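What follows is a group of structures, each given as structure tokens.
The same chain A turns up in both complexes below, where it pairs with chain B and then with chain C.
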Partner chain A sequence: MLSILAVDDSPSIRQMVAFTLMGAGYNVIEAADGQEGLAKAREKTVDLVLTDQNMPVMDGFTLVKNLRGLPMYSSTPILILTTESSDEMKAKGKAAGATGWLVKPFDPVRLVEIIKKVIR
Partner chain B sequence: MGEITNQGIQPGGIGIDLSQFFEVFFEEAYENLASYESLLLEMNLEEPDDEALNAIFRAAHSIKGGAATFGFVDVAELTHELETLLDLARRHELQLTTEMVDCLLASGDTLRAQLKRHQSGGTGQPTPIDHLVSDLRRLARAQAAVAGATDKTAGGATGGDRGSAAIAALGERVITIRVGPNEQGFDVKSLLDLFDEIPGMGKASLVTGERAASPEFSDLTVTTVSADSDLIDLFTFYVDRDKVTIMQCPAAPPQATAPEPDLGFGMFDDSPAPCQPPTAVATTTLAPTESVSAAITAKADKPAAAAESTTLRVSVEKIDQLINLVGELVITQAMLAQKAQALDANQHSGVVAGLTDLERNTRDLQDSVMGIRMIPMSFVFNRFPRMLRDLASKLDKKIELKTSGEATELDKGLIEKITDPLTHLVRNSVDHGIENPSDRIAAGKAPHGTITLSARHQGGSIVIEVRDDGRGLNRERILAKALEKGIPVPDNMPDQDVWQLIFAPGFSTADVVTDVSGRGVGMDVVKRNITSLGGTVELESALGQGTRVSVRLPLTLAIMDGMSVGVGGEVYILPLASVVETFQADQSKIKSLADQGKVVQVRDEYLPVCPLAKLFDVPYPAVETSRSIMVIVEAEGRRSALVVDELIGQHQVVVKNLEANYRKVDGISGATIMGDGRVGLILDISYLVS
Partner chain C sequence: MRLSNALESSTADAGRIGGGGTSQRAALVVQETHNDGEVVEDANSVADAIAVVGPQLRIAQREIGRMKGIIDDASSELFTSFCEIQGAFGREDINLTGTGADLALTRAMTALQFQDMVGQLMSGLSQRIGVATEMLDSVSSRGAVPKPGLHFPRQVVLQQDVGSGDVELF
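Coming up: the complex of A and B.
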């Protein structure tokens, strides 16, 4: 079973994402901020990372940068959940090494489609 | 679960019922609002703390994200404006002013109202937000113009740029295939020819120039609809399988000339940049024919990790039920223990030993469970910064709030009951205690008054203090007012007792009755509320310097340390906290006062005697003993000596509400079930001493 790490400081969004993805057959690991996400990613290697952008302690971009520094995550698909698709966000995302982005609010059904395309 | 629920126009599309997440969202939104508010109140506008600015922004941003996701459009709309303003502030493109903070706080109140409306079903009139929205926009624009920065609009999904590198048609993708290390004589062109020879494979080209891989490796850029496995199979005609690696590069964009519609998502990376080799070759993918809606079949009813990793949200009813059941367990265990006393310890050593263990386990369980309902005092203290800000501005005074012991815990039920009395005490301090700035300066004090709230544990109680450095209580004025009201005032009454006079009904020495707290209905109600919780309130004051109010409360209402006494064949329970001492009184020390019953001399004071048997109409023993057993109890600063027949013992008592199970009875504050199964009534000491 493929596993996904979902990082978001909003419990309701996390629950919704977890519920949706588990319903689609993935194993979901949750984290409330970048630091927790990094720790969990180290504990168990996941097949895709979905992370919010704005979080306390460690934000999404920093998390992505840190993940890319780990050998097992050098090419794992990482999607950033963002509230805008501006040039600035894209530049930051690219610089951090993310695979793609998804704008909030998103349709959970759509999320599953996109993940299927991206995950390996 | 497992069926496709068509939610119609609700967000979530087909298959997901988002309403199951609403409650969590509301809880989370209220928490975000609380932190938003307290950060705004603490903010130093001259030198704002960056971390605080970011945190306030995040709070609003988080509420917006959830509101938009779950379909609460009005909430999302208002928070969007807040977010815009706060984003400018955190980037230092805008300086927060008091006017902005006021507007932000008012918006917070409106948000709360909006959320409450949605939480209770979304019916009724929505709160109008137009004026707030226009105010927020005006504030954002004005400041941004002054700062000279361009107004950054936090565009939503519809604003901003178009997603450029989108995955094109489903299926066709651009990947990089790395081949190598190349053996001598290998010509990569042969692989390229494959694509020309086999129709439907796609297109391939060699990566050359500065992006080319090292001499040992060759990178091919392949545009194809074929699956990775097919490609690898193909290549193995010419190279070993382990020499072929499909690079996990994001898709390159088609050189789109027309702007792509914003799909709301996209891939980074415009070019097949140097990719990292994957650790594993692309293996199995999900069954491609699986339809999305069929996939939304919940494996379990709910995800296992329903909340954050270290806390769990549980409904209050469940907790109360748990506590009730544990209480019943304690009672049953006590009954068992008592029955076991009749057993021969030698014959039934196993049972006796087992019951001893049971008692220990039950006590541990009880302590543990009671701890669940304990909440830190910060829950109570948190309302005061905002309240003080509003009060201070209304009364034109400068007030600073200090708190300590916020982490001190108290039973949830008590927290709820203590909040109103405490609020009144604080209001009182602000209104009557703290002087206005000019008076303070004239008195040689700092222009701003300080109110200190503190909480600490002391023995089995919690002590909560409200201290101010205001004008203090005026002894003369209080005494004068007491005389005016006909309250008996002995000569040389000690200060402690003089201060207690202000708890008399209708007492208020306020010269001007303000609409804040002044009508004198306050203090006696405060005292009564605190007493009904089994607590006491004391005052200390120094004229010109300030006042301190100390409220002492038991840690919990549900369990009490009690002393059981026998009165004429009945058993009554006295709260141990109210018991001062017990003794056997000599008849010679008991004197009768005309009209007022008996008093007993204890050392150098006389205490009223309270014959419980008479009071409760208990059949009295025919022969009066020459030495009665007396228990001195204290409540509200007064003491009485209760006459009992025997002292039975001290133990923890599970308090049951008599009023809920029977009716309110004067003199009785509760009931419990004792070891022998009988009901023991818990005496209300303050009733007895008055």
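Coming up: the complex of A and C.
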């Protein structure tokens, strides 16, 4: 079973993402901020990371940069799921190493489609 | 306005009169004294206004905190109900095909996400009011010099409708 790391400081968003992805057959590991996400990603290698950007302790961009520095995550799909939609922020996400940018609110059907498209 | 006009007027008069006669200098002193009085009066008015506005901003910040707490609790309750309803349909997983009950569940998830965004907006508003309050406090205590390092938070939630967000793969 493929594993996805879902990182968001909002418990309800994490629950909805987990609900959607587990329903689609994925194993979901949750983290409440970038630092916790990085720790969990090191503990168990996942197949895709879905992260918010604006989080306490460590934000999404920093998490992405740190993950890309790890050999096992050099080519793992990393999607940013955020309320932000500016071109400037998207460019920063791309520069950090993100694979894609999803603006909230997410459509569960579309989310599963995108993940199926990028996950190996 | 009266404050800046008084300052401008005094400056202009000083320039015109320069080293002129005693009566002119006396007139300038009288005018400057009068202007100084207006300036002091205006400064006192500003301080009085800050003294009133500051506490009100703090009250607003606390009320926003309470509203966010209520919304977070409501969101949690709604999501619990959402899970229970999904369970009542007897499905172990969601087949999100966009029809019937699945569509209703999808709409419920969208609504819950917007509730989460309202919470973010309120957090941002609370921070913004907090910074504004600090600025007012620092101006009133440091003599019109704001405390350095204060900055307002960025706007991070700009959604205008309930449609789902864009997706872009790099």
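Heads up, the rule we're going with is that the second predicted complex is superposed on the first by the 120 of 120 C-alpha atoms of A that agree within 3 Å, B and C clash if a C-alpha of one lies under 4 Å from a C-alpha of the other, contacts with A are read in each partner's own complex, and residues count from 1 in each chain.
The definition used in the following text is that a residue touches a chain if its C-beta (ideal position, glycine included) is under 8 Å from a C-beta of that chain, and two chains touch if they have at least 3 such contacts.
Note that this is a predicted model, so its numbers are computed, not measured.
Touch criterion met: A:E36 reaches chain B, while chain C stays clear of it.
In the overlay built on the shared chain, the residue A:R120 is in contact with chain B alone; chain C does not reach it.
By the document's definition of touching, of the two partners only chain B reaches A:S74; chain C does not. Within the superposed three-chain model, A:P56 lies in touch with chain B and out of touch with chain C [touch as defined at top].
In the superposition on chain A, A:P105 makes contact with both chain B and chain C.
Where the contact sets of chain A with chain B and with chain C meet, they give residues 10-13, 15-16, 19-20, 22-25, 54, 83-85, 90, 93-94, 98-110, 112, 114, 117. For chain A in complex with chain B, the residues that touch the partner chain are 2, 9-13, 15-16, 18-20, 22-25, 28, 30, 32, 36, 54-56, 71-72, 74-75, 77, 79, 83-87, 90, 93-94, 98-110, 112-114, 116-117, 119-120. Put simply, chain C touches chain A in their complex at residues 75-76, 79, 83, 86, 93-98, 106, 109-110, 112-117, 119-120, 156-159, 162, 164-170. Only residues 11-16, 18, 20-22, 24-25, 28, 55, 57-58, 61-62, 64-66, 68-70, 154-157, 159-164, 167, 170, 247-248, 250, 262, 264-269, 275-279, 282-283, 285-286, 292-293, 295-300, 302-303, 305-309 of chain B touch chain A when the two sit together in their complex. On the side of chain A, the complex with chain C involves touching residues 10-13, 15-16, 19-20, 22-25, 54, 82-85, 90, 93-94, 98-110, 112, 114, 117-118.
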